[in-house]
Amino acid sequence: MPVDVLVEGLLFYKSAPQKKVVVMKLFGINEAELSTAIAVLKERLMIGATRLVETTDEIQLVTSPELAPIIEAMRKSELKADIGKAGAETLAIILYQEPISRAEIDRIRGVNSSFILRNLLIRGLIERNHNKNRNGYDFTISTALLTHLGVTHKHELPDFSKIANALEQFNEKAEVIDESI
Amino acid sequence: MPVDVLVEGLLFYKSAPQKKVVVMKLFGINEAELSTAIAVLKERLMIGATRLVETTDEIQLVTSPELAPIIEAMRKSELKADIGKAGAETLAIILYQEPISRAEIDRIRGVNSSFILRNLLIRGLIERNHNKNRNGYDFTISTALLTHLGVTHKHELPDFSKIANALEQFNEKAEVIDESI
Amino acid sequence: MHPNAVSNFSVKTDVFEGPLELLLELVERRKLLINDISLASVTDEYMRQVSLMQEMSLPNTAQFINLAATLLLVKSKSLLPVLELTDEEETSIDDLEERLRKYQIIRDSALILQSIFGSKSMYAPQFTPPTVPVFVTDEYCTIDSLQSAINSVINDLPQKETQAKAQIKVTISLEDMMKKLQDRITKSLHVRFSQLHAGETEKKVVIVGFLAILELFKQGNLLITQVNRFSDIEIELDKGQTPTYY
């Protein structure tokens, strides 16, 4: 596969700036080869929506400057829309069960929650922290939202123990169900 | 700016599946214009690292299947759970017969599919949509399923039209029976 | 392919999740096409599996038994062409063949899906949370809204118990089903099978015995005098109604 395609794939997948040295090492190429690939890629991307931006040490894939007004408008409208019923349910599960993993949220809701969680993260309603014990993320309610809700102690939440019990019971049962699949 | 570039920019920025209806509304285009833009974009992306995945309702930008080994090497030995025989059967039914109700899936498989459907929903491989006409749910495939199968459209699956035609014959017969009731 | 490819009574019946899967396996094992003849020829084996499942109280047995009823109709009709089926029964037989053919296509395409699933995946970009702090609340971000949201979550949790109950409700036992069929055939032929359900008789024996009688009948060996020698099965045949074309 051409190096420019490899570099594009990496930058697209990571969707964050990548160190040139890391890229060179990953693909086993030298600086000259990377430079050529970058030049080819820059040229190829010109007719599309993305651009390769380059600093001394890093490269990154971004949307073209011409798209900036449209992207900004999208960002605003995205935040203007409400989180919806699914968003509220996900938020409520985190509120009552935090810290909680995505897998647990998914199992309780019975659907995949990854895009909803992203939306809640983008809005600053929840936080995502790495859990070293199981090499995954835990989700919690953001400090700002806790303050907004006026919650200081979880036990003050309406029906806290009743709801916690119901969810815990389900979790025990769910483990049995999962095995049968 | 050409519509295909706008669509690419949106998909790149969102990095998640987008509903076709939302895209059309956002750019003030009709279905035919979107179809054309999708076709142009798909063609243009072929020489690069990304691909446009398409279901009946959604589109998404993802990495090309050829990049799979490189990306998988970067993802720390993530467990690749098999879909299992029951899962694969249920997915096949939905893939070839979508949109389809649970009752119809149960009937084709001859067993209750609610647990397996829940499992597939949790994994994000299928979607569940409310069908107003009969006040129940319909199941459809997700872009995530196509990404796991490494095809940008279900028509690219091996023997797709052969299988679809074979099943179509039964459906025609079934319709005649239904009318007689 | 299945560990139970060799049929005997110690097979692991739980290999089959559904009745169509079992039936198709039996037909294909004999390298037969799907039609009334092949279905009739695998009925005994199917019944044996299902009676085993019933004894072991395996899940989904109800669905297996429902299908067994249709299968026995196919078998009975093939052995006793004089047996008149209702339109509904004819439809259910045609339906079974069609469902089996359809299931066969689905099962084969599922194998393709399973083999390519995850072999060359395409990946969406990794998600990077925004670095610029944003805090946007909406109408849902109140204690009241979140409380009603969590209650709706709890209401929607799957209830395993209710589902199990619903399944038990549709369960009819193999014996009930056999009895019904036997009555049907008796009526249709003016033949009476009696003492078929001798108290000590095992289910398996009853089913096998019942089908054996049908086989005998089909082969034209079923004469009253012969049959009367079996003390546990007594069959009365109205001579005037004896089918003459055997």
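The first chain written gets the first letter, and so on, giving A, B and C; residue counts start at 1 in each chain.
Simple rule for what comes next: contacts are C-beta pairs under 8 Å (C-beta built on N, C-alpha and C of every residue); 3 or more make two chains touch, one makes a residue touch a chain.
Since the model is a prediction, treat every value here as computed from it, not as a measurement.
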Chain whose Cα mean lies nearest the overall Cα mean: B
Label of the chain whose CA centroid is most distant from the centroid of chain A: C
Chain centre separation in whole Å, for chain C relative to chain B (CA means): 32
Averaged-CA centre spacing for the pair chain C and chain A, given as whole angstrom: 46
Where chain A and chain B are represented by their mean Cα positions, the distance between them in whole Å: 22
Contacts with two or more other chains, residues of chain B listed in rising order: 15-16, 61, 63-64, 66-67, 71, 84, 86, 118
In chain C, residues with contacts to at least two other chains: 123, 125, 127, 158
Of all residues in chain A, those that touch chain C in their complex: 12-16, 79, 82-85, 87-89, 91-93, 95-96, 108-110, 114, 118, 121-125, 128, 142, 144-145, 148-151, 157-159, 163, 166-167, 170, 173, 177
Residues of chain C touching chain B in the complex: 17-21, 60, 63, 67, 91, 98-99, 101-103, 105-107, 109-114, 116-125, 127, 158, 163, 167
Touch list for chain B against partner chain A, complex: 1, 5-6, 8-10, 12-17, 26, 44, 47-50, 61, 63-64, 66-67, 70-71, 74, 76, 84, 86-87, 115-116, 118-119, 121-124, 128, 144
Interfacial residue positions of chain C with respect to chain A in the complex: 123, 125-130, 133-143, 145-147, 149-154, 156-158, 160
